[in-house]
Structure formats: C-alpha cells, structure tokens
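Please read the structure below before turning to the comments.
The chains carry the letters A, B, C and D, assigned in the order they are written, with residues numbered from 1 in each.
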Amino acid sequence: MFSVRIHGRGGQGAVTAAEMLSVAAFDEGRHAQAFPTFGSERTGAPVVSFCRIDDRPIRLREPITQPDALIVQDPTLLHQVNLFAGLRPDGYLLVNTSRTLDELGLAELVSRLTPSHAVAVPATELAREHLGRPLPNAALLGGFAALTGQVSLESVADAIRARFAGAVGEGNVRAAEAAYAHVHEVRRTVDA
Amino acid sequence: MAHQEIKLYQTGTFVAGNRLLDPEQRSVQARMGRSNSLTSGHRACQGCGEALGARYVLDAAMRATDGKMVAVNSTGCLEVFSTPYPESSWQLPWLHSLFGNGPAVAAGVAAALKAKGRDDIRVVGQAGDGGTVDIGFGTLSGMFERNDDVLFVCYDNEGYMNTGVQRSGATPPAARTANTKPVGDEPGNVFGQGKFVPAIAMAHEIPYVATATVAELRDLEYKVEKAMTFRGARYIHVFVPCPLGWGAASSDTIRLSRLAKETGVFPVFEAEHGEVTEVSTIRRRVPVEEYLTLQKRYAHLFGPAGRPDIVARLQATADRNIARYGLLAPDEEPAGPGVAQDVAGEGAV
Amino acid sequence: MDKPFAITLDIGSSRANKTGAWRTERPVYTNRMPPCNDACPAGENIQAWLYEGEEGGAGYERAWRQIMVDNPFPAIMGRVCYHPCETACNRGNLDESVGINSVERFLGDEAIRQGWTVTVDVPPTGKRVLVIGAGPSGLSAAYHLARRGHDVTVKEAGPMAGGMMRFGIPKYRLPREVLDAEVRRILDLGVRLELDAKVSDLMALKDEYDAVFLAVGAQLGKRAYIPAGSAAKMLDAVSMLRDLETGEKPLLGRRVAVYGGGNTAMDAARTAKRLGASEAVVVYRRNKDKMPAHESEFMEATEEGILFKWLTTIKHVDEGRLVIEKMELDESGFPQPTGELEELEADSLVLALGQDTDLSLLDGVPGLVVEDGVVMVGRDMMTGCPGIFAGGDMVPFERSVTVAVGHGKRAAKNIDAYLSGAAPEPVVRPALASYDTLNTWYYSDAPRTRRPVLERARRESTFDEVVLGLDESNALYEARRCMSCGNCFSCDNCYGVCPDNAVIKLGRPGEKYLIDLDYCKGCGLCVSECPAGAIQMVPEEI
Amino acid sequence: MLEQIEGSQAVAKAVTLCRPEVIAAYPISPQTHIVESLSDRVRTGELAGCEYMMVESEFGAMSACIGASAAGARTYTATSSQGLLFMAEALFNASGLGLPIVMTVANRAIGAPINIWNDHSDSMAMRDSGWIQLFAESNQEAVDLHIQAYRLAEALSVPVMVCMDGFVLTHAFERVDLPEQAQVDAFLPGFVPQQALDPDDPVTIGAMVGPEAFAEVKYLMHAKQMSALDEIPVIARDFAETFGRDSGGLVRPYRTDDAETIVVSLGSVLGTIEDVVDKMRDEGRTVGVLGIGCFRPWPLDEVRAALAGARRVVVVEKAFAVGAGGIVGQNVRDALRGLPVEVYDVVAGLGGRPITRASLRQVFDQVLAGEVDPRRMHFLDLDVDLVQRELERSRRGGRPGPHAENMLRDIGTVASGAYE
C-alpha cells in the first residue's frame, strides 16, 4: 500500500487532488481510497487530505499517520502545522514553491530523506501560466507522478480531464505536464 | 361580501339553501348530495364550530374537485374527535401524522401525486390554530415559500382546546384560558403583538389567502372553490368558535362568528399574491361588547368589577382592523326594484 | 387495500356511534302564527300564499288559490283593504313591511287576466242558506257556503251586488270591472243572487231556509244636528257616494267642506274634487293623529290637494259659508270647545260622521239582541236566535270590507257546523311569531317596492284608478321580501348548520326536514339559525 | 460498472437507480453531498418522475416523506445527527403508520458540544423509533444496502434507515461497483403500497388508538419488524444472485471460526478492525470479527450463534448510553444471556476521533491479557490525564460518592497509556 498525505488550505484543491489521484490509480486498475480530514471547509483553513493506493481492496479507514508521500500545496503551512509527522525516511516530499527547499529552511529535513525524494515544484506558477489561475493541485499531481511513479502522467491527465471539462481541464493537464517535466528534470539532475 | 352576492330578496345569499335559487347557485351545504366529508357520530362538543367549519370547507373542496381530494390533518380536537379507533367520521382519503407537520405532510402528498401524474387529485391540509400558527408554523411557512400545491386551512378557535383550553398564539388579548386566568393587572391573556397568520401568509405572496367564518357559509364556500382554481400554496383561515373553550352557548357558535365579523374583531377578506383583493364589509356594525358578553372567557371584563378600560382596548383593536382593511362599506343605495330587475334573470322566475 | 389494524379505519364508520344519546333537549319543527295572518281580519294565510307567490310562474296561481281558501276577493282586497297585515308585519322592524296588499292585488288581477276560477269540490249537502245583503260579508259567506256544498240564495235590496264595495268606495279606488269580475266568480259557483229584493220581515222567510246569514251592512249616514240656514246645502257622504254610483251627479259647488275624519270623509272629499270642486276641505274636530282614516287614504288625499281643518267643529251652516269653532284637546285627548269662532267659505257641506244599520227586518226575531244599533253575535257569529247568523257592518266590530269578508268566512264555517250538527272545527292559534323569534340576519336587505300612482293632474279630474298595480317583477320582489315568520320556507339553514349532520333533508315536495335523533346532540344551532323561528328546543324527558 | 467515486455520489446514484418518486431533504453535514447530487439528478432528468422537495427542516423532510409515502410514492430522504433528532417525532410516526420510507443517515455526533464529525450517537438515539437500521461497512455496501432497503421496506411496510459513517464513507472516494438500471429494476419492482390515500378507495389513516388496542398495535409493529430478520437474509441472497456479490444480511462473521476472542462492531470501522485481526491471527491469536449489518431489528439468534463459541467478546462502538453503558454491548449481552462469555464495551471514535489500528490493537491485547474490567465501559484513546483532572476538580467541588470514586478508579486502572 502506498499512502499519500496532502496539505493545503481550503480552496486550493487538496481534497480534489487526493480524489483525482485516487481516480488516476483506479484507471490503472488499482485500488485507491481518497478522503479528506473532515469538517469546516472554510477558505484558507489548513486542510489535509489522504490517498491510499494498493493492489488489494483497502479496508483501512484510519487517517494516514505515516505517509509514503507528502504533498505540500502551500509552503506557508510549513511553520504552522506539523506537516512532516510520520514521513518515512524513504518517503517522498513534494513542495509547491518557486524557491528551493533550502530557501524554505527545509535543508535539515531534506537531508534525512533520499536525495531524489524531496522536490520543490513551482505548481502555482505553472498553474497560473497554463490555467490562468493559481490553483496548484493538478500540477502537483503531475509532479507526484514524476516523483513517485505510483501513477502515470497519462492517468493523471485522464483523472484531471474527468474532473474538469474543457479548457479548464486542458489547462490543468498542461500544468500537470509541465510539473511532471519539471520534477523529472530535477530528479534527473539530482540522480546525475 | 367578497363575492358576488345574489340579491335575491327574501334571504339572498345568506341562508344555506334558498329554494328560489337555481340549484347550481345554492350552497354546497344545501345539497342533498353533499359529501358530508365529516359525517355523523363524531365526538365533537355540541355546537362545535370546528366540526362545522371542516365539513363546510371539505364538502366545498370535494365539490370543486369532483371528489378527487385528499385531506391531511394535524393533531388537535378535529383529529381526535373524528378518528378514535375503531370509528372514523371522515368520508374522504384522510391522513393524520403529527401536531406540527400537517403542512409538510400535505406538501408531501401533493408531491407524490404530482410525481405520479395524478395532480388532478388535490390536497387540503387542515389544522387548528395551535397546529397552524404555533407548532406547525415552520412547516406552514415552508409550504408557502415552496408554493406547494396545497390548500391549507386553519380552523381558528383561538386556543389549545384539545388539551383543555390553554393559550395559543392565536388567543386574543384579555381572554381567559386555563393558563391565562383573569388575575392581576392584565387579567386574561396579555396584549401581545398578535400573530395574524393570514397577513403572514400574504407576506409569502402565495397565490391565494382568505379569511372566513362559519357564519357566512356562502362566502366560505366561495373562497374554498376559488382557492381550488389556483395551483400552488393557498391558505384559508376560518374563524370557528369553541363553545367549551369560550364559555359560550352551543347554539351561539354561528352568532359569535357573525359578531366577530360585524364588530371588526375578525376581518374577513381575500388576497391574491400578497395583495388584498376583496374585503367583506360590515353589514350591521356593533360594538365589541355584543360579541364579548356572550362569552364567559371575557366575563371578568364586565360587571361591577369589570374592566371598561380593557374593553375599550379591544374595541380599539377592532377599530384598527376596520380602518386597516376598510371594513365599512361606503353607504350603498339599498337594493330596490331597480336592482331586482337587474338580477331578475338570477331568480327562479 | 390491506388496512393495518386500528391505525387505518374505514370511512364513515363513526355512524355506529349514536351521539344522540348526549342530548338533553331536542329541536322540533314548529309553525308559529305569522303576525300578518294574526292581524288579517279575513283570516288569510298570508305567509302561505306569499310562500307560493315567491316562486313566481305557476306559483302565482297556487298563491291565488291559497288566498281563495279564505277570501274570494283578492283583487278587491289588494285595493281596498287597509292591510293591518302590513302594520303587523315583522319586516317593518327590519326595514319596511312587506307590501302584502300590492302582491295580493297583483295576484287578484292576474287571476282575472288569466280567468282562474274555483270549483265546488264537495257533493251538495241539500241544505239551503239565505244570505241577506250582497255586500262583502254576505258575498263572502255565500262563497264559503257554496264551496262547502250548500245551496245559497243572496237577497240584495239594491240594484247591484257589492254593497259598500260598490256604493261606499269610489271607483278611483276600486274599478267596477274588478268588483264585477270577483262577484261574478262567486255567482259562477251556483250562488243565486236576487237583486232589488229587500227583505223586510225575516221571520216570514226564515222557515224556507236551514240557516240565515244577515249582512245588511250600515247604509244610513249619521246626521249630526247642525243649525243651518235655509239655503245651506248639506248632504251625507254615504248618500252622495251611492248616488254617484247610480248615475246621479250631486251638485256640490266650487268649495266643498267635508265633516268627519274617517275613510268615508276622505273618499267624499276626493270625490268632490273629481266632481269639479276647486277646493275640498276636511273639517275634523280632533287632530291628525286621532283621525280614524287610514294613513294611505290621508296621504293620497293630501297629494290630491285636499285641505284639512284640524281641531274644528262646525257651529252653523249658511249658504256659501260655515261658522266653525276651534277646539283643543284636553288631557284625556278629548276635544273641548274654545269658544273661538271663525268662518269658512263652503258651497256645500258633506257629512261623513259614520253610518247606522237599518234593522227593521229583524222585528220579531226571537232571542236576537240589538245593542247600540248593532246586532249582538257570539264568537260563532250566531245571533241569539239559533240558525240566524250575522256579520259585517251590522255587528259590533270595526267596519271595513276586510272585516266583513272575515265575518262572512267565519259565519259560513259556523253555519256549516250548525247545519251538519258537528262541532265547529276548533280554532287553533299557535303562538305568535314575534320579531324576537326570528333571526333576521338571514334576510337580505330589500326595502319595499312602491306602487306606481296616477299622476296628480289625472287624479283630480278623473275617476281613473289612482294606485296602480305592481308589474310581475316587482310583485315577485315584494313577495320575496316575506320573512315567512314562524314557518319553514325551506331555506336549508338547519340542514346546513348542523355540526353533526343530524338534519335530514327530505327534498320531496311538501316534505322538508327531519331531525336525525340518532345523532342530534341538541346543540340548538338549527334553532338559533332558523331565520323564521320555525324550530324550537324542547327538553328531553329522562 | 466499476467507478472510483465519492461515497455520497455513489449512494445518490444508487438511490437514483431505485427510482424514488419523492425526495424531501434538508441539508446537514455530512449528508449534503448526497442530496446535492440527487437534486442535480432530478434537475437533469437522470432521475425522472421524481419530485425533489427543498423542505424547511428535517422535521419537514420526514413529514413530507410521510405524506408522500402515504400517497403511495416511493420516497427518500437523508440526514445526519441533529437533523435525525429533529425528525424524531416524525420517525416514530412513519414507523407507526407503516410507511416504507428509506433514509440515509450519514452518521454524525450529537451536540452539545456541537460536533460535525462521525460517530453513531444519532442512529443509536433513534434505535427504538421503529425503523429498521442497516449499517454499511463500505461505500459498496452503502450502495447495495439502499437497493436492498427499498425491497425490505416495501415488502414489510416498514421504514428503513441505511446508516453510513459521515465523512469516513460519505466523503471517501473509492472503487464502487454501481449496478445497471435493468438489474435494479429486476430486483426492485415498482412500489405497490400496502395502503394509500386514494379517492377511489378512501380510508382514514392515522387513527387515535386508546388503551383498548394500543398494546396490540404495538405488538403487531414489533412482530412486523421481527419478520425483517427472516426477510433480510432472503433479500441478501436474492441480491447476491442478481448482482453477483455478497452484501447486506444480518451479521457478517470474519474469521470467527475457532476464535476465542471476537470483536463485534458495525459500520466503516470494521475494515480497520479486520486489518488488526488479520495481524493478530498472523501472530497466532485466535481472534475474529462479527460485523453487525442489521442493528434493528436486533438479530439476537444470529449474534448468539456467531458468538457462542467465544470466550471473550469485545464490542467496539461509536456511541454509548450516557449514564448506562454500551448500547450495542448491552444488546450483545442480551444475545449471550446464560453463556459463559465475557463482553467488553469499548467506546471509540466519538465525535470523529480517529480509530487507529494501534489503539485497537492495544485494547485487544489488554483484553486478552485480562487487564480490562468487563463490568466497565472502556473509552478508546481517552485523555486520561485530562478527565482525571476534571473529575478531581468536580470532586473538590463537593460531589464525592462511590460512583464518582469508581469512575476515577476505572480510568486509573484500565486506561493508562491509552493515548500515545
């Protein structure tokens, strides 16, 4: 089982991202379970969502306390919430920022992770570029695909299109593709 | 009168029947074939205004719908006296659910009929004043706001009579009830702000709102029949004296209804889409004392220890109704032969 | 339908619960005496005929036949009756009395127009009855006796039938063709009328008949003693009216004074106007309020320009002038002379001071008692002499056509009983349907209809009928103003207002309603909401 | 058809497939996604011939359903928490009148304090309302139970509540096999009401019944609901035949054969418990799980049969009777009357607190170790320090006594280290 935890703020699409991720996994014939931390979905409030991906039916309903991957949609959460609780040493970290992880003060954390598993991606920037709106969640899924290989970029694109019709869907897909390319490039550089 | 009065001399439109009228022009209650929606053997008190009102309303509605009708009844006297197992006094499809939900249940019935393509079957909801203006008010307002295809009828006897005559939101000021005893500076019920649901119904701008009394049968039937010509939410508030709760003679039920209207205590009118369209003007205006003194619930206002000041306040309330609704007709020329000739065609000549 | 136990019930099953057991009083349909009927001297069932007339159409004939049960002169009554029924009418307390008289006239005229007749529906009794006098009382008696199968002979002293209807009432109030038509209808029943057949000795004739009804009226004008000059022209009103009827036109001069305050005085004054007098003045010793003339006669006279000298007596009559004395009323309302004299110009003086009866034919009738110039009768209209009955103006009672007609009817009923040897039908007079027994809310606002009247110019110069009839729609309207006091008129209110459906509407002609005592709880709503007061509560016996 | 879909959407789809004729609902978290979706489906015509009533309250919603059902329409509503309680009066009325209304309860805690998260306090508060209560373990089962619920409700003329955990299921995206319309139509024929408001055959529904017959009416109601215990397995079997998967039924044993310890629970937490049990089985512990699919009527015989061989039964439930104890636990004890089985009440997941494998494992281990007093309720993951402080404070405030002492002793003895 592969578990993902997504941190964002209300309105940024953290829940949608988890759901689309589960759809992408489902498209690939896998079992997936996406669910939010529940409750007051007020704009701006910290939001956490979860996604489990497995080859077997998933019965487990507890929140993900030890994620295999962590997606941070909003770096301003870094110092407000204990984002990294339970992140395994071989886990993945994808942070939406136009800066570097070092610049965000995450050098110490990153140093405890596998080098190619911690990546920053300017998802908001890419979304603004390709979608025209600063909604980073689809782009982050593209980055996630490149970072973890749990789902393919095509499945992510299909899931995005299933959720957003027309131009919005295509814009999101382009953002996802751009993020995918960005992460892919970063990892290639790191691995190299 | 809110409707076209038939000036047929002798009794015109006031009595139930009038053999001089074409049968089609007589009241539903005058017909041998009336449906008697609420039939004999019910356990209402002698002279029950609510029993009378319910039959008037439902028979008229049954006629208007050619018997294609369903009634929904909130908890209250009417429900209790009509359906103690194993005997029912109803002669139409009838459902009782709860005290506070009559309008919602009726709306549900209407929705079901619509879904089934049977909106030829019409729905009448009915409740006493407690079930309408108090506990059922939320569901009533919801029904109005959604404009559900229901005629809701409130039989207002101004108190919780079923439970032993307690005060309701429709109990008038100064009236004695089991929990507004005539003691203290303001004996009887307090002078509150009032809760005149017909006006609240009008504020919902529903297609049709009317008030009526059991004293003016033809007017009541006219309003029920008119209400059935509309689709959507309709509301009729019927004034029904309660001999038990009001401390009145059982034979005075209709007289009291008449006096309530003639004093201005109870304004009788019609409204469409939130606007008053017709008022029943006062025919023989009388002071409120004539109405009050027939009822023991006001006995503490009269006699040596009486409260003329409170009677004056009640008169002022009636006067306010008269002014607000324009209940005094401009002096009309009495009907003479000229009028008779005008309407000669309506007579059984 | 698979009905769940107890939660779901069969409709109408409560009829198994007989709530009539709750009752301590029960409503009972009743018939009270309508004040109009109560007041009618002719004993008409006015409420009943108005009820029929209200329906219009075929109802008119039924209404007329209902009148004819009691009174053979609807068209005459509708003109000359002073309608005490209207005075008594409860509707007068509400707005104005029902115009009963005008409806009656409409029905009477309609009967003449349509040629409606009545028949004798019983086999001949073989009894012979003599009626003396063909005035309203005699003709009424003859009519009722004939309809009861008796063989009736009317002996009339005068040349024409009608009595005071012809010789006392001017034709502008009662056109003669109307009178003739209604008299003719009576004769058509087989009544034998002998004119110019004055009976001067009753005892000589009595044995030829099984019973006799005396109805000779009061034909003799009273003459007060008034000092008069030799050229003074004085005559009595009865003679004047009679002469006019028989074709003699009295010469009255330009200015005519009429002495008296009764209806005859009004008729005399109005007739004088029509005969060419430029001025007719009624001299009466009391004031208007005390005047016995009927209000309608007074009004019509006033409209025609008749002048009135109230509180005045005539002291002396001379050619062209009267000496009159002013009077004043004392505390008891009686006029007292003041000694204040004045003159009044008058070419003639007509005395209208009342009439006396010529009782000479009664000489020798055993047991018959005469007091104050009139014949004493019992409630059965029989004189002190068995088999001899009397009525009309010759018995002590108010003198009017209607009273006379009533006497005729009552006498006929009692003569019938006398002849058959049976006790007369008991007279049951139910309680009066007084105004407070009604629920007048239910009567729609409908002031009475006024009969059209002949314009003044024509009234002053001709004997055309002054008061005209109602047309049909007005008559119908007026009939429908009747409140049917004390008697059910099928308004369905009791059926409508019963909260327990305990009034059964029978819905068949003549059958109205029944109280369903299985369910009647005795609330009394039907009683209080009966417009006509035709239901009453009576205690249940326990 | 397999879909990765949110639980609420899946349920809305299932309800749509059942062709309800009247839906009356009032929004309340976490039921909202269900009724929003149904509103869409009615508006788009996907759910044709259905009146969607936007009522003014849950009381109005249930009342409208009562009217609609009495008029012979297949009706549906959904609610949660306070909404269910606001319906309370009408719930009893619907069952008393024998109206086959189907309702989804997206289970949520009841205030005060106000709390929007999941537990079973709402459904449990209404357990005696005369409604059949079915609990879904997953969204697949939620879908299947709705279809079965209509069959059941209409077969018996009894209202049915399908309970699914709020947020945990309603807001979870997971794989669901959504049936085809034709399959549902075959399984669920059109609604033929036992009684209806019909001008051609008028009846009086909802009479007043006095002491002379009330007990009999209630007995018959009880008998009718008990007959659901026979009907539910039949419907589940039919369902399996039509749709090719097991769903529903009264109870669902999981690895209970030879189990000395059986965990009884209901709703979505069963999966988590099964994971824990699998792990314990791997370690050689003879542990099993009994899922309660139908809580009302209470399948006493089936529960007894399933648990009779165990030595210990641990009931994990998301509600409790304040001042008394476990609710399901009491029913389990009733089923085991006379058998030598200890029953442990574990109250967990109140107000949305996560029920983790670790916590469950810990309490199961404690039960197996004999460290839990079966006479007392155990609260999973209770902040013992906090309540201890508060209890001490109130004791100082002048309310000492043996029961208060017992509470302190309870948490002192059994709850140590319950919360990491």
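Simple rule for what comes next: a residue touches a chain if its C-beta (ideal position, glycine included) is under 8 Å from a C-beta of that chain, and two chains touch if they have at least 3 such contacts.
All values derive from a computational prediction rather than experimental measurement.
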TODO: Compare the CA centroid of subunit A with every other chain's and tell me the farthest one.
DONE: C
- [ ] Averaged over CA atoms, how far is the centre of subunit B from the centre of subunit D? Could you give it in whole Å?
- [x] 46
Open item on the list: What's the distance between the Cα centroids of subunit A and subunit D, rounded to whole Å?
Closed with: 35
Open item on the list: As a quick test, compute the distance in whole Å between the mean CA positions of subunit A and subunit C.
Closed with: 112
Open item on the list: Suppose each chain is reduced to the average of its Cα coordinates; what separation in Å results between subunit C and subunit D?
Closed with: 91
TODO: Would you please write down the residue numbers of subunit B that are in contact with two or more other chains?
DONE: 83, 85-86, 88, 90-92, 94
Task: For subunit D, residues that touch 2 or more chains besides their own - done: 97, 198, 202-207, 209, 213
Open item on the list: I need the residues of subunit A touching at least two other chains; which ones are they?
Closed with: none
Open item on the list: Building nodes from the protein chains and edges from chain pairs that touch, which of line, ring, star, complete or other describes the result?
Closed with: other
TODO: Spell out the residues on subunit D that touch subunit A in their complex, using ranges where they run on.
DONE: 2, 4, 6, 29-30, 116-118, 138, 165-168, 171-175, 268-272, 274-275, 352, 354-357
Open item on the list: Quick check: in the complex, which residue numbers of subunit B touch subunit D?
Closed with: 67-70, 72-73, 79-80, 83-86, 88, 90-98, 100-101, 104-116, 121, 138-139, 141-142, 145-146, 148
Open item on the list: Per the contact definition, I'd like the list of subunit C residues that touch subunit B in the complex.
Closed with: 6, 9-19, 22, 54-57, 95, 441-447, 449, 473-474, 476-477, 480-484, 489-493, 495-497, 499-502, 505, 507, 516, 518-519, 521-525, 527-529, 531
Open item on the list: For a test of understanding, state which residues of subunit D touch subunit C in their complex under the given definition.
Closed with: 96-98, 157, 194-196, 198, 201-207, 209, 213, 216-217, 220
Task: subunit C residues within the subunit D interface of the complex - done: 1-11
